[in-house]
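Here's a structure for you.
For clarity, chains are labelled A, B, C, D, E and F in written order, and residue numbers in each chain start from 1.
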Amino acid sequence: MNELVSSGIELMLIGMGMVFAFLAMLIVAIKSMSAAILRFFPGLPGGHHVGTHHGDDLGAIAAISAAVHQYRKKHQQKI
Amino acid sequence: MNELVSSGIELMLIGMGMVFAFLAMLIVAIKSMSAAILRFFPGLPGGHHVGTHHGDDLGAIAAISAAVHQYRKKHQQKI
Amino acid sequence: MNELVSSGIELMLIGMGMVFAFLAMLIVAIKSMSAAILRFFPGLPGGHHVGTHHGDDLGAIAAISAAVHQYRKKHQQKI
Amino acid sequence: MENLSLLWESTGLYNITGPQMIMMSVGFLLLFLAIKKGFEPLLLLPIGFGAILSNIPVAGMTEEGGVLYYMYGGIKSGMFPLLIFLGVGAMTDFGPMLANPKTLLLGAAAQFGIFGTLFGALALNAVPGMDFNLKQAAAIAIIGGADGPTAIYVASKLAPELLGAIAVAAYSYMALVPLIQPPIMRALTTEEERKIEMQQLRTVTQTEKIVFPLMLVTLTAFLLPSAAPLVGMFCMGNLMNASGVVDRLSKTAQNELINIVTIFLGLSVGSKLSADAFLTLETLGILGLGAIAFSIGTASGVLMAKVMNRFSSTPINPLIGAAGVSAVPMAARVANKVGQESNPYNFLLMHAMGPNVAGVIGSAVAAGVLLSLVR
Amino acid sequence: MENLSLLWESTGLYNITGPQMIMMSVGFLLLFLAIKKGFEPLLLLPIGFGAILSNIPVAGMTEEGGVLYYMYGGIKSGMFPLLIFLGVGAMTDFGPMLANPKTLLLGAAAQFGIFGTLFGALALNAVPGMDFNLKQAAAIAIIGGADGPTAIYVASKLAPELLGAIAVAAYSYMALVPLIQPPIMRALTTEEERKIEMQQLRTVTQTEKIVFPLMLVTLTAFLLPSAAPLVGMFCMGNLMNASGVVDRLSKTAQNELINIVTIFLGLSVGSKLSADAFLTLETLGILGLGAIAFSIGTASGVLMAKVMNRFSSTPINPLIGAAGVSAVPMAARVANKVGQESNPYNFLLMHAMGPNVAGVIGSAVAAGVLLSLVR
Amino acid sequence: MENLSLLWESTGLYNITGPQMIMMSVGFLLLFLAIKKGFEPLLLLPIGFGAILSNIPVAGMTEEGGVLYYMYGGIKSGMFPLLIFLGVGAMTDFGPMLANPKTLLLGAAAQFGIFGTLFGALALNAVPGMDFNLKQAAAIAIIGGADGPTAIYVASKLAPELLGAIAVAAYSYMALVPLIQPPIMRALTTEEERKIEMQQLRTVTQTEKIVFPLMLVTLTAFLLPSAAPLVGMFCMGNLMNASGVVDRLSKTAQNELINIVTIFLGLSVGSKLSADAFLTLETLGILGLGAIAFSIGTASGVLMAKVMNRFSSTPINPLIGAAGVSAVPMAARVANKVGQESNPYNFLLMHAMGPNVAGVIGSAVAAGVLLSLVR
């Protein structure tokens, strides 16, 4: 059991070390990547890429404006 | 074969007995449950819980009223 | 290898023959079918069968016209 | 040249057998019924197409290595019918039944269609050429439950060799409910009885709808555990919907999951429509017994309702008893329609939904009895 | 008569054992927590129902031939947790983390919850009746990752016999995050610290969001390949979403696929809630250790943020450190809420999303370490 | 200390081989083509990611017990390509082809791309280092069908060791159709020919659209049953859509089911992109032959249209012949676009859809011939 506890301590040290090392390297990697991309490919900001629903929305808007138009026409005819 | 028919009759009796016994017990259980619930947890009536589509509907209504509003604005500008 | 090439040529001939024979028979079959159907079951043209979305569209149109109606009512009340 | 003759020997024309051609025709007939006659197309279209595919010679789609062979694993393990039941459970509203629990007895009575048919199948052994053992008779009888997944589940456990014929009979007769039931319903009721209007149902609280599936699965666990897979998956689907806390799972179970499984289930059932299993005198027996099963079930439901009417303080229209066979929601609609023939202002639909969903439970209970007693 | 006694002997009442009844009660308790208390209902409802179904006697749903037996294959192969991770990856927005990469350190610190618990589990062996070997201790420790699929994946590889208890503990404590975390967060921070407002995050370009998952999977491949299945599937889902070129796949991964797999995963986990595996002193140990794991993780994250605040030029509100345990997005919401108690105009949600998703990566890395070192 | 060295020995850096690194780069290249160049991203993104995952050392995702190993079972059984074909069938409108059935001949002619390439692959054996047996040559040739699922299905049956390279080549060249085809089309036609306007197509009745898939599957069953799995599943999907009676199944087949299977199929194909199978001279041969296959198919289609034009009473624009290679609907769009360069008011799209879908049938027929003759 004593052996088990000591291997637990060892695992803890190695594990936390690995986690920190990995995520620290990831920080460096992200910073380099962002710097490179912002410098060489400034491009478009994220979160604005055209999703599939976009087309549907346009369709809906078309349908709505058609409906509105229709409505107005009928309404005016009555007047 | 005669034996088969007799086991058929037996199965029929036991089977229908079991079905009636089971569903009759279910009736008792339902009645007790309903009485208990209506007494101790009157709560909300069923069938009205908020579904996932609710949000969508609100979105649609928002889109529609926006479209209508837009339309009216443009229309008035032309006049 | 020479044998392989000769079996390649044979495969090519048989294969293209089979493809043409099959599709040619399909042409004959289609023409007979179309003639028979147009003569005996003229029916409705394709592409117009009621899809599932149809209902939704009707629902949307109903929703839209309701929204438009609502809007108009509110608008007039304000005037 | 050699290749040419190899090609000819690999054609279907060279290899096809008479029985295979007949079974392909059966497949086309099922497609015709599904598409042109509207017979349960969601199941009969895939089953019919599966019958065609599995009887194409050489292709070997039902042999080991073939795609239909692997799909059938989903029936053998019980996975497909149980997942369908999960979705059906999520679609089912027990509200009308909970509002009027005595209609459960109608769902019980209609199961006489199952056990009467079981007896009939055994009696049919007197006909030369018919030879059903007890397992096969039980599997055939379950057609009377008017519940596809239950029939497929039981047949796959008791008599997989009859699965194709049983599934086809079950779904065909379900589609024929609007033809089979009305004459029986009219014959067993008086005009006065058909005019009976029923009291409006109370609103059922969400708590009752949540507790009911839990109660049902518990009762099943204690009394009839052999029905637990069927009832359990049904109750889980129902709870997912009634609880309202896992709407995304409930919607997927009711739509994409059940659709995917339906395609696979239909093809797998079709893969059991091979000539040697289907083109037998027994199949005729199964088709005949299936019609009898539906008729007995309908009659028992109606008669039970008449009996209950004598003892009940609130009136029961006997027509709703016919909905006890299940065949949800078709049988309930038939009850409503026949009722409106006598009284156009009589709306029986909601009242018939009670025995209708009770019939699903009743069939699952009957299935459990058969699975535990027939070995 | 014989059949009647056969029927009685086939009832659950005749066959059920005390432990099975207790486990069914545990199932009902999980359903109660899921439905009435809102504890992670997407997982705990199927798990709870699975617990009930798998403890029904006679039905044998978890034995070979039973439907839950086959479903469990999806966990054994790793398929289910990895497909969930695919969907979660597709739902995850790494934007806030990429805008402020140093928050990754908070996600690293919070993993002390895992390794501290590992040590605790081994120390608990001193208690008589508790006996965890290294594999079991590692599997329990991963609860501290506050990440369901990761916990299930690791437990299925290292200690499948504890899978049920570990999954239940993991999801229960995730649901309890709003109760467990705030007192710890308040105890370890001053009012001044909780009021710290953070700089607005810059907008991250789509290119960065596309390159990041590729970078992450590469780093994992080179440094910690044992974490590659988890991190890889997560990155693939994320790339499907970030790239914007396969929207139909991304949407399916986030909706129907993850929903279907969630139902199956929940039932499969439930199938491991058998009495002999769950009703042991060890389960109490697991539940206790799980609470400790979350507490340690929360504390480590907060303390790390305080340390970083000393060295950082831009201020960091230590509350967002608690979000490093993952439990996405609950822990981030908790950080926001606790922050607004001290300063109602302090919107920490976006800032907390950075450590929150970093915690997912951190847990997967920790899982990789455990999988490669513990044998 | 021991653990530290164990950790180091478990890293990818310690274990990775040169070929694995190259294959991971190939994966990244495919992702680049998919995301930045828009090369068939629905397939090439999962394939590319699968290539990366399957070449990560230690993780062993393609070994027994690994998730990609199990996924590949869906290709081995034929399930994945056939389910994709089911969905593609449901998406296909045979209307334009039924309105002008003689365009089927264009779909036939373009299959010369397959058989010409088969001959080419065998001839390539003269090059030292290339060594294709008949099965491998046939599997490579099917790239000329310009149809992903067909190519994957045939390759998995005849030469699974080449599956990765063949699938990559097939999808890459399909993406390159707008680059490969136009020069060939322009070279083989005169300006006058490209200006030819075609008669408007008649409207096709729904009955014809329902009968056609049934006719096609019957003809396949009788003449070429080895093509029946491919053609059959395609026809079933088409019938589900055309019949209009199982819309919920048809929509699921076209959306969620095909999306889920596409993710799995892509990953599974990627799992066959291992270094030892891909980094060979043969792969270069495959890529070269693939380009040739597309070119031959395009040329054959155009030339066939020119021949038909001599004998036909109604004019045929030879450009639509190029659409006979399939690559639906890209090749039809290319035909339309090249036509509009010469005559901006010439709308060839609908006319090109006829040979385009005919090309799918033609390739499946060719696949059937290869599967039945090559052993």
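As a convention for this text, a contact is a pair of C-beta atoms (placed from the backbone, for glycine too) under 8 Å apart; a residue touches a chain by one contact, two chains touch by 3 or more.
Being a predicted model, the structure only gives us computed values, none of them experimental.
Colleague: Among the chains here, which has the CA centroid at the largest distance from chain D's centroid?
Modeller: A
Colleague: Write down the chain pair in B-E, A-F or A-E that repeats the interface of B-D; the criterion is over half of the contact pairs matching by residue number.
Modeller: A-E
Colleague: Determine which of the two chain pairs, A-F or B-D, is joined by the larger number of C-beta pairs in contact.
Modeller: Looking at A-F and B-D side by side, B-D shows more C-beta contacts.
Colleague: Compared with chain F, which chain's mean CA position is the farthest off?
Modeller: Result for max centroid distance from chain F is chain B.
Colleague: Could you work out how far the Cα centre of chain C sits from that of chain F, in whole Å?
Modeller: 21
Colleague: In whole angstrom, how far does the Cα centroid of chain D sit from the Cα centroid of chain E?
Modeller: Comparing mean C-alpha positions, chain E is 41 Å from chain D.
Colleague: Please tell me the distance, in whole Å, between the geometric centres of chain A and chain B computed from their C-alpha atoms.
Modeller: Chain A and chain B have C-alpha centres separated by 36 Å.
Colleague: For chain E, which residues are shared contacts with two or more other chains?
Modeller: As it turns out, chain E has residues touching two or more other chains at 3, 7, 223-224, 248, 251, 256, 369, 373.
Colleague: Can you tell me which residues of chain C touch two or more of the remaining chains?
Modeller: Touching at least two other chains: 7, 11, 14, 18, 60, 64, 68.
Colleague: Given the complex with chain E, which residues does chain A contribute to the contact?
Modeller: Those residues of chain A that touch chain E are 1, 4-5, 7-9, 11-12, 14-16, 18-20, 22-27, 29-31, 33-34, 37-38, 41-52.
Colleague: Over in the complex, which chain D residues touch chain B? Could you list them?
Modeller: Listed in rising order, the residues are 93, 95, 98, 101-102, 104-105, 107-109, 111-112, 114-116, 118-119, 121-123, 125-126, 133-134, 137-138, 203-209, 211-212, 215-216, 219, 223-224, 242, 244, 247-248, 251, 358, 361-362, 365-366, 369-370, 373-374.
Colleague: Quick check on the complex: what are the chain F residues that touch chain A?
Modeller: 3-4, 7
Colleague: Given the complex with chain D, which residues does chain E contribute to the contact?
Modeller: The contact residues of chain E facing chain D are 3, 6-7, 10-13, 15-16, 24, 28, 31, 34-35, 38, 41-42, 45-46, 49, 52-53, 56-59, 61, 65-67, 70-71, 255-256, 259-260, 262-263, 267.
Colleague: Residues of chain D touching chain E in their complex?
Modeller: So the residues of chain D in touch with chain E come to 77-79, 82, 86, 210, 214, 217-218, 220-226, 228-229, 232-233, 235-236, 239-240, 243, 245-246, 248-249, 251-253, 256-257, 369, 372-373.
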